[in-house]
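The structure is given below, and queries will be raised subsequently.
Read from first to last, the chains carry the letters A, B, C and D; within each, the first residue is number 1.
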Amino acid sequence: MNIQVKFFAQLKEKLGCGELTLSFPSESVTVSEVKSALSSKGSVWQKSLADGHVLMAVNHDLVVESFSVEDGDEVAFFPPVTGG
Amino acid sequence: MNIQVKFFAQLKEKLGCGELTLSFPSESVTVSEVKSALSSKGSVWQKSLADGHVLMAVNHDLVVESFSVEDGDEVAFFPPVTGG
Amino acid sequence: MVVVQEADFDLAVEYQKLTENNAQDGAVVTFIGRVRDFNQGQGVTGLTLEHYPGMTEKALKGIEQKAKERWPINRVTIIHRVGSLKICDQIVFVGISSPHRESAFAATEFIMDYLKNDAPFWKKETTKQGCHWVEAQQKDKDALKKW
Amino acid sequence: MVVVQEADFDLAVEYQKLTENNAQDGAVVTFIGRVRDFNQGQGVTGLTLEHYPGMTEKALKGIEQKAKERWPINRVTIIHRVGSLKICDQIVFVGISSPHRESAFAATEFIMDYLKNDAPFWKKETTKQGCHWVEAQQKDKDALKKW
């Protein structure tokens, strides 16, 4: 299965990446497993995503790490929000 | 001493009076004594001013019955307010 | 700033006064009270607002001062109309600017809650059946408990 | 109604939308957030607002819905700007009309508190010394505790 992954704000700048596609052999993974896959891309990725303040969204809804991601889903990681 | 007394809203309508002057032989009286003097004007006055919801002001500040009134003061009686 | 007037007020003009040359206040809260078509009478067609000239201004200034002592708010405007009003007419405006939203919200609501209990205005509603004085409500008294 | 846009908004126009043909709502509360000249940087000259297109609208609609379930409010408008903003520029508008002032106040503040925590916007401040991302504040998280 394939998922789309997006990054925003400081996280996008640190990773030097706003968007990428990830493939998994299984039919679903948890957000935590998406994080692990991304962390294997290097120490900046590992360190940035290990930050407990990073927020996660699947298909535009905030989720927790145990949330299940399926084929075609859009997963996003971003720092705490500061609008308003 | 002389004081000016004002009435507003329902109270003014019930008493058929918006304003009057009262004279007292003493140099100061309490608001409660002003009420008593007014109540002696008749049963409508007595009944209307006995209503525990009636508010009292002296020189444009809300006061309690024990507040002291002096020569030249403006005393007002009115129902609970309903602005806003 | 406290104003008691028969004339209507304009939200855009009041907002301008709260914000012009004001780069320190990130938050502006406004409250507008309007004449509803139902209240204590069904089918309200309008109302007359009586007040106690002189005391109204003093009471409102006192409430403004209490709010300023309690919260870091910079600009405060309170406007209350008197006289004859129709359905949907504006009755009262409270506008506050502050560096912080929580202060602006709290102070605006505080001013309205105290205005409802301590400022000498009285509403007489007109309905198709005639007119009557609006009765003060216990919930307005209760609203003060949160402050 | 939820809008995310680069363009500025006009309080008078938004107030008109909240009140036209609306004889049932006696209370209108508005909040406007503006760019201050100080924040986490001294001498802020402006800021850039990044967002997550698609999710911002969904998050704001969700917050609007939660407010409507909780209070008897009739009309709700949320507007949030994105892109480059200068000092004193307007950032965000929340406007609510309701028959009762307490609901209008509570719901407006509720929406701002949740927007500050759950809507994917990020501010980058520009100062004379350069630019930096604004850090989220604990007090915004704490603000949710009252709801």
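The criterion applied here is as follows: a contact is a pair of C-beta atoms (placed from the backbone, for glycine too) under 8 Å apart; a residue touches a chain by one contact, two chains touch by 3 or more.
Because the structure is predicted, anything quoted here is derived from the model rather than measured.
The chains touching chain B as well as chain C do not exist; no chain touches both.
Centroid distances built from C-alpha atoms place A farthest away from chain C.
One finds 26 Å separating the Cα centroids of chain A and chain D. A separation of 72 Å divides the Cα centre of chain A from that of chain B. Here the spacing of chain A and chain C, counted between their Cα centres, is 49 Å.
Chain centres here are Cα means. That of chain C falls 23 Å from that of chain D.
Shown for chain C are the residues that touch two or more other chains, namely 33, 101, 112. Among the residues of chain A, those touching two or more other chains are numbered 84. Remark: the chains found to touch one another pair up as A-D, B-C, C-D.
Listing the residues of chain C that touch chain B in their complex gives 33, 49-52, 54-55, 58-59, 80, 91-92, 112, 115-124, 133-136.
Only residues 10-12, 15, 19, 22-39, 87-88, 99, 101-102, 104-105, 108-109, 112, 143 of chain D touch chain C when the two sit together in their complex.
Every residue of chain A that touches chain D in the complex is listed here, in rising order: 6, 8-10, 53, 57, 60-62, 76, 78-84.
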